[in-house]
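In the two assemblies presented below, chain A is common to both, partnered first by chain B and then by chain C.
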Partner chain A sequence: MSALLEVRGLEVGIEGLPILRGVDMEVKPGEILGVVGETGAGKSMTARSVLDLLPAKATVSFASCTFAGQDFIPPKARQEARGHRIGFVPQRPRGSLNPVFRVGNQLSGTLRRLRNMGRREAKDEALGLLRSVRITDPERVYRSFPHELSGGMCQRVCIAIALAGEPELIIADEPTTGLDVTIQAEILRLLGEVISERNAAGMLITHDLGVVADVCDRVAVMYAGRVVNLGTTAEIYREALHPYANRLVSIATSLDSGGTPREVPGRVPNPGDHLAACAFAPRCFRAGPGCFDEEPPRIDRTGQIAFCHHPVNAGEVMR
Partner chain B sequence: MLSYVTRRLAALIPILIGVTLLAFIVSHALPGDPARQYAGINASEAQVEAIRERLGLNESLPVQYCVYMIGDTCLGGSGKGGLIRGDLGESIRTGFSVAQDVGARLPATIEMVAAGMLFALLVALPLGVWAAVRKGKLLDRFCRFISTLGVAVPDFWLAMILLLIFFIVLEWLPGPVGRLPIGATPPEGPTSLYVIDSLVSGDWETFRTAVKHLILPMVAIGFPAVAPILRLTRNATLSVLNSDYIAFGRAAGLRGAPLYLKYVLRNALPGAVTMTGLIAGYMIGGAVLVERVFSWPGVGLYGFNSLVNTDYPAIQAYVLLSAVTYTVVFLAVDLVQSLIDPRVRLK
Partner chain C sequence: MTGAVDTLAIRDLTKVFRIRTRGFHHADLKAVDDVTLSIAPGRTLAVVGESGSGKTTLARLILRLLEPTEGTVLLEDTDITAMKGAELEDVRGRMQIVFQDPYDSLSPWQTVGRTVAEPLLLHEDLTMKQASGRVADMLERVGLSPEHARRYPHELSGGQAQRVGIARAMITRPALVVLDEPTSSLDMSVQSQILLLLQSLQEEMDISYLFISHDLSVVRYIAHDLAVMYLGKVVESGPAAEIFASPRHPYTEALLRAAPRPDPAHKTDHVFLVGEQPSALDRAPGCPLYGRCPIAEDVCADTPQELVDIGGRHRVACWKRT
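This part shows the complex of A and B:
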């Protein structure tokens, strides 16, 4: 099946510092792709590149970028897709709604803009959308200002706004940042549901691997501006090839089982730091001399690919 | 809302009493003797004394203040006059009641200050937003130049330069003769704002003339206000542009004019509104000199002439009017603020 969104060789720099260094990623129709990695890995930048929402100082280049067969390299194509073809669910939902307008006004305004609806029609549709994101009293929420709603409620509204243009792809950029832990799972489950209800595809950016296991079909693990491991959720969780991805998974599962996770030593490199050929090599317990000097080869195995000189072997117990 | 306004207006009363006291002391401390000025150069000492007697200036200062505030009951009279009865007294210079004098001149000042404010806002708000959007570009730098110029240039000097250019050299606009050419009949109308009255009655000739006379005073009083509003709008817009809700609005397909005029400006407005209030107060002060330059028959010019002639009741009325305007403008600013931003609660 051909990909809905296909990104090849995405490079982003800010003021000359490389942020993304050749990101390859695709989202297939109807699937939810999880994008994970530590802060600074370039997850959000990848998503924002697709919508041409990077800061003005950023420079972007693609080797290729297509959306449902359409060339997505021209910025105008990506701008026009905003809302219409690609819905976006933000971080920090409370700050993402305009504080001076009523929530309903923002939602129906989006409907009128994206779907050329009249006032009445937009209001009815807006109430329907609020109901579809499991808001039990849509009339009250419709009349509320953002500061009168909880963070979780604001995120439901943001999801409704993202759905307003009936997009084929929903990109959620760390949608639970700043929400109470108790409702994080609820919001993520909701996202998974509304995406599959609409037969849309999703890209879920998060650093919470536990979440990915519940919602996503495939996972891309990013490190220092590249995708280092990509595969089906089942395979990545069973046995990720890349030592970094493998360690992230074992941290997530040992947290889930109440154990004490082993941390990944060292820290994430900053943009502009000198990077080894494999950027993870300095923190990797498997690294050999080749890791620092030679580009890591692509390893293909059932259900996943990784870029690594010393991939984790089948059945090997990670220490 | 209504109870809020009532409480704010009630709080005004002690402030205004303080203002009357201050205005009374300051005006009486001024050098000059109104009785002597009223009597003229050739008057005899006895005549001056008689006038002083009639104006009540021979009483002690506390008694004079008392008469000004609560009328002739202080002197055992029948209870006439006094500020508490709404009587501002009689102008020594013109011989009319001060209320009548001020009432006749107020529309001229309102017309000029309102036009100046409108001019300042129409220039400063769009430019401020635009400068922020094009931060660091040529337009932004041009705006910074305008702001610096606006702060550096005093309004009365600008008034004279404008007259020099547009009246004397280019001869495009009329000279400093007031609101209409000398001898012209003012338009009839309910507002006494010539531009509006002539427009309402469809008197195009008068409308054009009134507008022409208004342009230079408007720019002279409005331009210095452009600078602070422009700078404030630019900075407020910059922080709004970096906000999460603008990023999300963009991601939801919002762009172009609706994004900037609806989303951005509305959020950048509160700061500009507060600044506008401050400036409106400043403009009332600035009106004195600009009206003087343009012979604009407003309360500023009236205040100026009263000051020169030590016309106590008129000076006091002018100071009082300024104080009332200032506080009413600030009340209006708070009300507008609560309309713009739903998070602002009046209490």
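This part shows the complex of A and C:
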């Protein structure tokens, strides 16, 4: 099955500092890809590159980038897809809505711009979209200002706006950070449902491995501007090949079961820090001399791809 | 530990905020409503709840950063509720806090050494010079080097800054440390480092922790005891392991079911509670969960629910589950 979105060799620099150092990633039709990693790993930057929403001073280059077969390297192609073919759900829903306009106007305005609708038609469609994100009283929400709505309700409105252009791909950047757990669960379910109802695909950026396990079909684990491990959620959680991904899963599962987590020493590198050939090598429990000087090879095994000199062996107990 | 005095015991603690609603109209918001809890020496009590549940207000009342409307706070059997002036200053050295945001809670103009020494200057009347040895020891104890004393907060990573916050809290060897979401702004790999550090400091110094969090997986690891708050009320409390294994209150059950778990085979359950948490101003006179609760009956609306011990210190405020 050919990928809906395929990104190869994505490099982004800001003022000479490398932020993304060759990101390879693809989203297949109908799936939700989770993108996980810690601060500065490049999760949001990857999404923003695809949407051409990077800061003006950023430099971007792709080895290749296609969306549904179309060449996505020219910035114009990415700009035209934004909103129409790719919807975006932001991290801070209330901050992303305009505080001085009623949410209904923001939603119908989006519809009029994206789908050339008339005023009346746009309002009807907007109410329909609010209903489709399971808002039980769309008329009231339509007339509300963002500050009159709860965080969870604002995020539903943002999802409705992301759906306005009838996108084939929905990118959600930490869509539930700052929401309470019970609301988070509802928003995640809603995202999964609207994506599958529309036969669209999703890219979910998060740092929460629980969220990934809940909704994602495949996971890309990023570290210091690269995807270091990619695979089906089941495989990555069962036994991730890359020691970094493996340790993250192990920390999350041991905390979840009340056990003592293994420690990962050190900290995440900052942009501009000197990096070893494998950026994780200084913190890695499996690192050998080669890890610091030689580019890690691509390992393709058990439905996973990892970039590592010393991948975790099958059956090896790391927990 | 028979006969041991609880590090902290709070009784019937209530805080009412008077809120201006419209023009000259006011309303009373019960942020903390009749809370009774205790922590034994060397133990960790986690307080969990969603935003607006009153967990941070509770912490501030305990630390006497807010004045309670009613109730008492006993620190090592001493009533600190009415203390003032120098007496209160002395007690403050026995209870400390670690904040959620490690950078915001450190003064950007002070060196790390000065920040960590400050409690000693205040509570033990030491000079900077006298304090420096203990500061160096403490920095090493939290996994930094004495050389960090000369640095400024902006030179530190998030994890290092949080270690400084922990060093500052622990340097007076307090009996009680309030940890207000101490790991929620840290990266996953760093989060586990800080949790391990907190645990080893507790074992070494026999400190009691009041651990405030909304992250149930962190709580599952670090807490001995658990109190679940909803709209200012403790709805369930008791040994953490027992509550995680068999939650009794419908709200606790909903929280546990909604929390995503790092296991692809486990899917969270979403439709347990109805709607969203209302404002504490609109609370029903009876059970705070009335209106969202899937098992509520009409009587729940106006019958206040008291915590009932169902055995083994496990207390639940729900007549249908006791």
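A few notes on this one:
Rule of thumb we're sticking to: the second predicted complex is superposed on the first by the 316 of 319 C-alpha atoms of A that agree within 3 Å, B and C clash if a C-alpha of one lies under 4 Å from a C-alpha of the other, contacts with A are read in each partner's own complex, and residues count from 1 in each chain.
Going forward, a residue touches a chain if its C-beta (ideal position, glycine included) is under 8 Å from a C-beta of that chain, and two chains touch if they have at least 3 such contacts.
It should be emphasised that the depicted structure is a prediction, and the values quoted were computed from it without experimental measurement.
Annotation: superposed three-chain arrangement on chain A; chain B versus chain C shows no clash, the two fitting side by side. In the superposition on chain A, A:Gly259 makes contact with chain C only, not with chain B.
Of the two partner chains placed around the shared chain by superposition, neither chain B nor chain C is touched by A:Arg8.
Shared-chain residue A:Arg140: touches no atom of chain B or chain C. When both complexes are overlaid on chain A, the residue A:Leu51 reaches chain B alone and has no touch with chain C. Looking at the shared chain after the overlay, A:Thr233 reaches chain C, while chain B stays out of its contact range. Geometry note, superposition on chain A: angle between chain B and chain C about the Cα centre of chain A is 80 degrees, to the nearest 10. In the superposed model, more residues of chain A are touched by C than by the other of chain B and chain C.
Of the two partner chains placed by the overlay, only chain C lies in contact with A:Asp208; chain B stays clear of it. Of the two partner chains placed by superposition, only chain C is touched by A:Ile251; chain B is not.
With both structures placed on the common chain, the touch criterion links A:Arg131 to neither chain B nor chain C. Once the two complexes are laid over each other on the shared chain, residue contacts for A:Arg198 go to neither chain B nor chain C. Closest CA pair between chain B and chain C after superposition: 7 Å apart. Contact residues of chain C toward chain A in the complex are 50-51, 157-160, 187-193, 195-196, 214, 216-218, 220-221, 241, 244, 254-255, 257-264, 266-270, 272-273, 276-277.
Contact residues of chain A toward chain B in the complex are 51, 53, 79, 82-84, 87-88, 90-92, 95-102, 110, 113-114, 145, 147, 158, 161-162, 164-165.
Residues of chain A that touch chain C in their complex: 38-39, 150, 152-153, 180-186, 188-189, 207-214, 233-234, 237, 247-249, 251-265, 267-268, 283.
The residues of chain B lying in touch with chain A in their complex are 243-245, 247-255, 258, 263, 266-267, 340-343.
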